[in-house]
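Here it is, the structure in full.
Going by the order they are written in, the chains are A, B, C and D; count residues from 1 in each one.
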């Protein structure tokens, strides 16, 4: 079905079920329980999961397949965001033109940068992309936001003002981004006993787009083009002496992944109409690199998992403060309670970066293939295969 | 003329920091083949060695002075550092005053140890792993180190002033008809960096240890075939690279107050410096460091920013792009390094 | 948050997809509830404290959080009550807000617009926060203020000094207690003229982003009105750490005053560098060279160490003030944490009290009722003298402090001395002042 | 008129004359060996032929068309395939995938964007690849990662990939270097079989005289960047100049 092999189809179905049922899956704890802190099933975070999933899927098409490590992909995300908000400002809050333009603009931008940066490979390529992205960031943050020519609105971020033209806006339409009238913020809350689940229009739109992107990524991975990209990573010399021109292949991959990034940026604006320059900073580029490696570069689903994990930490762990800890451990005797909290406190709340850093290290030390390898190991352990046997199959199976 | 020389000095000053960090990065890369994203963190740890020393020297006991009141209206507790108690007020004050130069002695063993532990405990296991893995693990380590420092020292910058004797302004070039005033400590920093760079090169050039290391950088297998334990030497080299970054950090403290994220601030730039210099080339790293420092200084002048708005923000990246497009392996890079 | 006409369809669709065979879903919509976002349920009300916990402003964020915790204690009737005793409005009784116990959630803005909005959204969408407050930079404040307007909750800004927060980017649901760039200029200029004379040439170094520009504009305008000349204004990148190449040209520019429109780490470094280059020892045309830092904060002053001595600047509040409100606040903060509060802590504490008071006076958590209660509200006893929340732009008008770095501090907190308390009348401006023009407050949005 | 015509090619590296006035003609459907001592310029010549180096002067014509100034992939698409001294294959891909890449390159040219359809649904390519593997005795290793193959298998893999492209000229750069005697003989047999099975021209650069004399129909001897003699193997064996310049030392080595 869908032109996919069984294993790929199964993967796609799993992702489909997971994304569609995310509001349930991510909210396993009753609203009033102490563990509700760990619930991630609210619109903003669910949107972030799938949007950064798209970003990572796209990045993986470049990095995972060709091995070209771009350190400037956030620039495309940022350009996409700006393009989308500009459509809101000029045309109105319908997200369709904004998202389309964000893909087109970031594609063109990627083409321009790709033509220049792909003249080099290895770390030289990485630094070239980094340089372009940092320049874009610096310009967006200050120079391009000067009062005479305000393209980005600098530090504050580009947003829609009441006096913007919005040619196709009408009073009947929501005053927020919408899909032909369906507000991206429209949320249905379902109360089920002690649980509350939220179904958000913006999330489902992004989720559907992510499924399409994921599906396309599978097709690309399995296509002759995908094979050529893996050839680029494996041995460019042999590729050239096999009569293949590696440059247009890598450029195409670069542009495609730039368009994925731009789409992600456009969606970020679509669910929240403000585009900030920090989205283009090197740390943001680094983030998608980390997501991809953390999940498992070159695998289909890994980058999405990596994106989810990092966003989860950023949004959930950062919110665990001292009073939350006291709630959790209130049942312990006072002295012990304080002791436990002293132990945990540095790793949560304002210490969430520390935990994230430790996770990076642990994953890369113990699971060189990223989270996916962890999953495979667990899967193998469950199936009870012999270790030697399993190691062999892992090395010969094509990246999944 | 004065203005130009001033900006050259400023450039040398910035360049010193870039060059020292880039030198260490290149040493680690050249010897171990490891992309060390935690190198900025080593620079930061160096700076915090001097913060720690100055805190230690300022360890005080409290006496209550009933004549003064604190902000809550309670009697004021007056703090007297132990060093002043032990060595007398004047000597004690002088020791505290000279805490930054003293921190050099304090930092060398610490940085060597940090480098050694890092290499043996972590980096060692990543020699054969892809560069992406190295980046992830060292980046994770950088975050961890940075957060630990933040946990103990807070996020705000902490002043580590230069000794009074070295914190004034020097007037130089009078005999050439120039009138340039420049902070003494910044001149000290330039001189110190020059010495350190010179020392590192001399060490590699003229000692047997250095010669073995250089040979190992060029061809690891052959050196190993000769029965030399090159790994152990590379570990020591890692320690030395860490110490260079650390000393750069110690001495940088009085120029800009150390904060926990200063390493990250320098990290990206120093990678650009290394690559512009050419991966694996030590002279390239130093040259590119100074070059980019000077260019950055000149791009910040009003003349430059009015000619091209925003040039000061992008100059380094712009130069990096131009250099890499015209010289594929940077200024002095060798063929085949990090191109796979 | 749902739009009535369309939510029904959306609800039916998702309901049908997800709710088949499950218990009948309860619809939360405008009709069945109090009519505003996150109307408090049960015996508690949740406030969202959105402060920088990572990044360069983390210490300031930590101090803000301390103040919020203190405010919550006081509102719930714990502790010594702090400024509740000195506050001119007496409707708060220490039994929470409208009898509901105050609970709070915290988030990390990272001093990035995106992250701040994400964390504010999680508080609104997940934790049901009915008010968001906090922040340590104007970009974040404006971004979060915009979000709160869209979502239909109240935003009580933390530390934000840009004119735009209550100018170009003002929003009906947003309120700022902190002062702004214009007020800094208006308060500082007369003191500068009095101390340094009317015939001065100023050289500005300005952080190259919105806040820097508006502050530079404000200070330049205010000082020029008193006869000063602005020799040059140089924009410095936000990420700059070493300002030497910007400081060096000052020496030969003929200027005799350097104005540093920097904040946070930028300010610490640029001031340190300026002092390093011996600017303060210079005599230009017989006049002592001076450095001015228009926006001071004690936490930053601490970072700048010795360099701060004798430097003039303005601040929203300082713990050494001797009014009853300040004394009560410092007493209760100092007793709890062992050191005096910063101006960021003060403004956050006051904002929480003001919000609670407005709810109590309005008798409702409905944002529109709160807006109505806060607009044009006159109060006293919160540390800044008689204060007005102006209806036209939701900016507080109060006295502004001009301070100087202390020469002989008695403790590590005693870094600033108050030179002058500039009366409120002197820093007031018309709501349509050109520096604040272009914005539109809009209508209060209660959400749904 | 040979299929490959090298005329007056000169190449200098700084002060070193790597190739001096090289003239070479490789006749179609022959096996032509180029031999010479280390530093004779064999590799430089090869790199000129495949477009990796551009000579200072002279011309290189393949089937009447100049190869100079073309990139390696273009020259390959003209019909020249190269086998490297150490096998260059796609190590992290499976044997079948390696072969398919070559088949795609033959069918679709240097670049074709086929990003959506599955590569396995390209029946003609799959069939051809399977056929190639079959004929090279690699079919049983179909799913193996090529990096884990033996040296001999890697060599066979590389040659198979080149053949899948149906080249008119196959360039072999010391194909048996570093191989054990048994592997070397296998390779010789393989090349003989290849030659028997199809119309193909083979140019081989080789050190090992055993290989050269087993395969070559004509031999060119290079010394110091210049062709010394060109003749049949029989004549070369007895040629005094060659003995002096070259064979003497290798026989000692052998």
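The criterion applied here is as follows: a contact is a pair of C-beta atoms (placed from the backbone, for glycine too) under 8 Å apart; a residue touches a chain by one contact, two chains touch by 3 or more.
Predicted, not measured: the structure shown is a model, and the values here were computed from it.
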| item | value |
| --- | --- |
| Subunit B to subunit D, fewest steps along touching chains | 2 |
| Most widely separated chain from subunit D, with each centre as the mean of CA atoms | C |
| Chain whose Cα centroid lies nearest the overall Cα centroid | A |
| Top-ranked pair of chains - ranking by C-beta pairs in contact | A-C |
| Mean-CA-position distance for subunit D and subunit C (Å) | 74 |
| Distance between chain centroids, defined by C-alpha means - subunit A, subunit D (Å) | 46 |
| Chain centre separation in whole Å, for subunit C relative to subunit A (CA means) | 32 |
| Chain centre separation in whole Å, for subunit C relative to subunit B (CA means) | 36 |
| Interface hub residues of subunit A, defined as touching at least two other chains | 138, 142, 353 |
| Per-residue overlap in subunit C, given as positions that touch at least 2 other chains | 58, 208, 235, 237, 239 |
| In contact (per the touch rule at the top): chain pairs | A-B, A-C, A-D, B-C |
| Contact set on subunit A toward subunit B in their complex | 63, 69, 116, 119-124, 127-128, 130-132, 134-135, 138-139, 142-143, 146, 282, 286, 289-290, 293-294, 297, 346, 351, 353-354, 356-361, 363-365, 368 |
| Of all residues in subunit A, those that touch subunit D in their complex | 3-5, 216, 219-220, 222-228, 230-231, 233-235, 237-246, 248-249, 252, 256, 395-396, 398 |
| Subunit C-facing residues of subunit A, complex | 20, 23-24, 39, 42-45, 48, 138, 141-142, 145, 154-157, 159, 161-163, 174, 176, 181-183, 185-193, 197-199, 201, 204, 268, 272, 274, 276, 278-279, 314-315, 318-319, 321, 323, 349-350, 352-353 |
| Partner subunit C, residues of subunit B touching it in the complex | 2-3, 6-7, 10-11, 13-14, 68, 70-72, 76, 150, 154-159, 161, 167-169, 181-183, 185-186, 255-257, 259, 261-262, 265, 296-298, 300-302, 305, 312-313 |
| In the complex with subunit A, residue positions of subunit D that touch it | 50, 71-74, 76-77, 81-82, 84, 88-94, 97, 100-102, 104-106, 108-122, 125, 143-145, 148, 158, 161, 165 |
